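Following are the structures in question.
Here chain A shows up in two complexes: once beside chain B, once beside chain C.
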Partner chain A sequence: MKRYLHLVIMELHRFWKIYAALAALTVLSQTAGLWWSIRTLMKRVHWEMELTNLSSYAEFANQYGRISFMSAVSIKEPFFTGSVAVCVTALLLYVFLIWYRDWYGKNTFIYRLLMLPGSRLNLFWAKLTTILLLSWGLVALQIVLFPPLMAMYRHMVPEELALDTSVFSFVRHHPVFDLLMPPHAADFLLHYWLGITGVAVVFTAILMERSFRLKGLAAGALYALVSGLLIIGPVSFEHVLYPSEIFGLTVALSVLLFVLSVWISGMLLKRKISV
Partner chain B sequence: MKRYVISACFACFVVLAIGLFLGLASAKGLPGFRLETAAGDGKEAEALLLAGWYQNGPYAERVTIGAEGSEYESERSGYERFRAGSISVSAIPELVRLTEAYPGFMRGRTHASTLLDYYHDDEWVIRLQASLTLVIGDRMAGFHNFRIDMLDKKTGRKRSLTAPLPDVLRNRQAVVADIQKIGDKLHTALITFPWPFNGQREDAELRVYQISLQDGEVTGGEPLLLFPGGADDQVIRVGEVREPDMTAPRKYLLLKAYAPDSDDRILLYSYEQGKTHTLTLPAKSPEFSGSLQYYRDDSALVRLLFAADEIRMERYRLPGFEREREILLTPEDLRAETFQNFAWGENRLYILHDANGLPAVSALDLTDGNVIWRGVVRAESSAGELEKLGISHILIRP
Partner chain C sequence: MIELDRVTKKYGRKTVLKDLSFTAEKEEITCLIGVNGAGKSTLLKAIMGLTPIQGGQIRIDGEPIGRHMYDDKIAFVPDTLTMPPFMTVENCLRFMRDFYDRWNGERAAHLLQFFKLNPADRVASLSKGQAAKLNLLLGLALDTDYLLLDEPFSGIDLFSREQIISVFSSELVEDRGVLMTTHEIEDIEHLIDKAVLLDQGRVIRSIRCEEIREREGKSVIDVMREVYQP
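This part shows the complex of A and B:
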């Protein structure tokens, strides 16, 4: 356990500069995007009020409706979903880099890692935990970022024009945030369980490639493809299976794939991997 | 050491933020509503769900309200949303009931179709699937048969048989209107239309086949002209009269025909006697802005004219169509401002209206037209939430 924790901390430390940059990008992009969109909206409001001789925000709200946080976000949507997309892409790339940098870094770091005492499977668990922690870290950042963004919205939009909403309602109605941080605990666990399973499958494919090179690459790609088909497969039997059966089958197959990936990875790390 | 502390702090931050987010999301739900009985037997409320929306800031949240509370679509879990959108979950209450009771038998066949019908009594669940490929001119192709699947409810045994149609429906399309088990025969009513449909009333035919459930022998099927005697260029719409349970055993088949600028016609076919009976009723007048609907069970036909300011119901006894009574209701009778919508239940008409500014429902017994139950929607937290609530229609639970 101690060795596993050491490895996790080491892996986190190795990514912290890029991670800090991603976090900064998220905060700056979303704050600037919201500020800019509210300024644009308020300019339009003032211009419209001047044009139609409306003397108060209340009259404007009666005639044209209020400005919600959602509408403010959607005006400069790329500042929000764009920053999220950059973070997701970076983490997806890091799923590969977290292994390959050990082979192709300045020093052949994998040599030292494989020489560590204890089970080599700790390497697998540590890298998997790191990816999960990094993903959840960005989700946590987004969670703590929403209240100040909403406070900024309330500060910049006059009370007569503002349309209050909760963070949860906003997230539920936003397709990207609802996917990445579903407010329903069961959905949250299911989304990230399927994500972890996917990462475990990719890790296994990487280890296949590292163990058998070209043949391993083909085997890994096939393994990932078959795993993907297995996970989405039950849905294609919707005409004969009931939803509870599809759901149960998907979860069971994901558990099976996860266990299989861990087992194959353990075998490869123990017996086949080479530097 | 510094790395360890930072990593521990990071992990704590992640757990706390996500834990707090999920915890608050489950605790801070949207306001709850409940359908409360104001008068009558509270069991009536259990049959109903009210569907509408709640204005949550910029979002119109879809909500259903029942006696046990309210449920918002946006607060459903992903699995519940998947279940609601799944093609293997029927939207028809009687098929939902059958699927829940006999999931094995209903597997893959949970939807109604124009060529699929169900029958359900104390002993049997029967499914009939008609394979009727369109035969145009002399081109003989495809299948012309009935596939029947039967489930003996007592023993749980399933049996299937295929029964070929004795005649080919040349240049005609067909829909299965109804199936009924009488003795050891399955009476199967088809309505056939010319292909391509030319809209002429004399072309719509009713064919009732008797299929032996022992050996699959098919008899009957003589075409019976539906609604003869109309103008050639009239477009007639023929359909079944609405009933509370389309799978229930019935003595009669009731069909209705609408045509523009023409009276409505109701045709009754008695399965046991093989006889028909027709009733002509005045169509909805152009001045009437409400809706006209028919409802039947095995004892009566009900004609309903529903408008915001008036409900008029006429009840006709079956099979002779003797007029039993007429009922007229105004909003004042229910202490309402206007009528908003309605839904049919088992021998019930549920009326959505307002009562002292609150969304309310009243249930009428179709036998005598008496209001036997009244319910109002109440907010579980602040009464002010009701101002943001709109109810659009009534759903009958499976």
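This part shows the complex of A and C:
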């Protein structure tokens, strides 16, 4: 356990500079995006008021409706979803890089990692935990960022025009944020469990490639493809199965895939991996 | 004793180790000798479980290599530094202390001084000689019975080489078994007890250096000439 924790801390440390850059990009992009979109919206409001001889914001709100936080976000949507897309892409790439960087580069760190006392499966668990913590860290940052963004919205949009929205309601109605941080615990757990299973499958495919090179690459790609089909398979039976049955089948298959991936990875690390 | 019994290793269709057998005893320095591509590094990796073998057995004191052996039984110093570039020398020592119960901090501190390594230096900024010394330090500061060294003098300057060689005649290795590969035989010939000559993945001759000197008046290099340039 101690060695596993040391490995997790070391893996987090190795990514912190890129991670800090991703966090900074998220904060800056979304803050600047919201500020810019509210300014654009308010210019339009003033222009419309002048054109239609409206004398107050209340009259404007009566005629055209209020400006919601969602509509403010949607004006400069790329500042929000764009920063999220960059973070997601970086983490997806890191799922591969977290293994390959140990083999390539100036020094071959994998020598040391494979010669550590204790189970080699600790490497698998530590890297999986790292990816999960990095993902949850960005989700947590996003959750923490919403209240100040909403405060900025309330500060910049006049009271008569503003529409009070909760973070929960905003996330639930936003397609991207709803997918990444489902407000309901069951959805959140399912999304991230499927994510963890997906990462475990990719790790197994990487270890297949590292063990058998070209043949392993083909086997790994096939394993990932079949696993992907198994995960999305139950959804294609929605005209035959009840939603609860689809849910149950998805969870059962993902548990099976996760256990299988851990077992294969353990065997490869113990018997087949090659430096 | 490190014991290799009919070990076979293949990379695809190419057989790099063929039915290879020999032993390396504790409290002795055994040197693996061979031209490039003879299978020396692959052999060390196979002993450490860093590459799978397709046949034969490798035993250390009668047991197959297992995860518990990395802490107290055997340490490996590859021909490349095994620590990531972002770490400092001090970070490397802390890493080893965190993961290995048999890490000898006192010996590490002594070697740090002996090799004149600066704890604040980043691994990325180390010269080839300094990297080799740090690599050796990481292996020597583990209290293990056996030490495997892959080309410890490769590409380093004369003075660094002399400093590293002096380690082999010190108490740092005297009660351990050392199995090493090197092309610089002249420099260490007086220190080695046994030489195992490899060619194309096979052991073609195994000699006790002292015996061959006394009995036939030959050096290891003389034997190498006989074997590789008949």
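FYI, the second predicted complex is superposed on the first by the 273 of 275 C-alpha atoms of A that agree within 3 Å, B and C clash if a C-alpha of one lies under 4 Å from a C-alpha of the other, contacts with A are read in each partner's own complex, and residues count from 1 in each chain.
Here, a residue touches a chain if its C-beta (ideal position, glycine included) is under 8 Å from a C-beta of that chain, and two chains touch if they have at least 3 such contacts.
It should be emphasised that the depicted structure is a prediction, and the values quoted were computed from it without experimental measurement.
*Asks:* Under the stated touch criterion, which partner chain does A:Met1 make contact with: chain B (first), chain C (second), both, or neither?
*Replies:* Once the two structures are laid over each other on A, A:Met1 reaches no partner at all.
*Asks:* Using the touch definition from the top, say if A:Ser119 reaches chain B (first), chain C (second), both or neither.
*Replies:* A:Ser119: touches chain C, not chain B.
*Asks:* Touching A:Ala186, do we find chain B (first), chain C (second), both, or neither?
*Replies:* first
*Asks:* Have a look at where A:Phe168 lands relative to chain B and chain C in the superposition and call it first, second, both or neither.
*Replies:* In the superposed model, A:Phe168 contacts chain B only, not chain C.
*Asks:* Return the chain, chain B or chain C, that is in touch with more residues of chain A.
*Replies:* Looking at chain B versus chain C, the one contacting more residues of chain A is B.
*Asks:* Determine, under the contact definition given at the top, whether A:Val139 touches first (chain B), second (chain C), both, or neither.
*Replies:* A:Val139 sits against chain B, while chain C stays out of touch.
*Asks:* Can A:Arg14 be said to touch chain B (first), chain C (second), both, or neither?
*Replies:* In the superposition, A:Arg14 touches chain C alone.
*Asks:* Of the two partner chains, chain B (first) and chain C (second), which one does A:Leu51 touch, if any: first, second, both, or neither?
*Replies:* Neither: A:Leu51 stays clear of chain B and chain C.
*Asks:* Okay, in this complex, where on chain C does chain A touch?
*Replies:* Interface residues on the chain C side: 45, 48-52, 67-68, 70-71, 75-76, 78, 80-86, 95, 98-101, 123-124.
*Asks:* Quick check on the complex: what are the chain A residues that touch chain B?
*Replies:* Contacts found on chain A: 8-9, 12-13, 66, 68-71, 133, 136-137, 139-141, 143-144, 163-169, 172-173, 181-188, 190-191, 238-244, 246-247.
*Asks:* Could you list, by residue number, the parts of chain B that touch chain A in their complex?
*Replies:* Where chain B meets chain A, its residues are 3-4, 7, 10-11, 13-14, 16-18, 20-22, 24-26, 28, 30, 56-59, 61, 74-79, 82-83, 86-89, 99, 103, 107-108.
*Asks:* Tell me, which parts of chain A touch chain C in their complex?
*Replies:* Touch residues, chain A against chain C: 2-3, 6, 10, 14, 105-109, 111-112, 114-120, 271-275.
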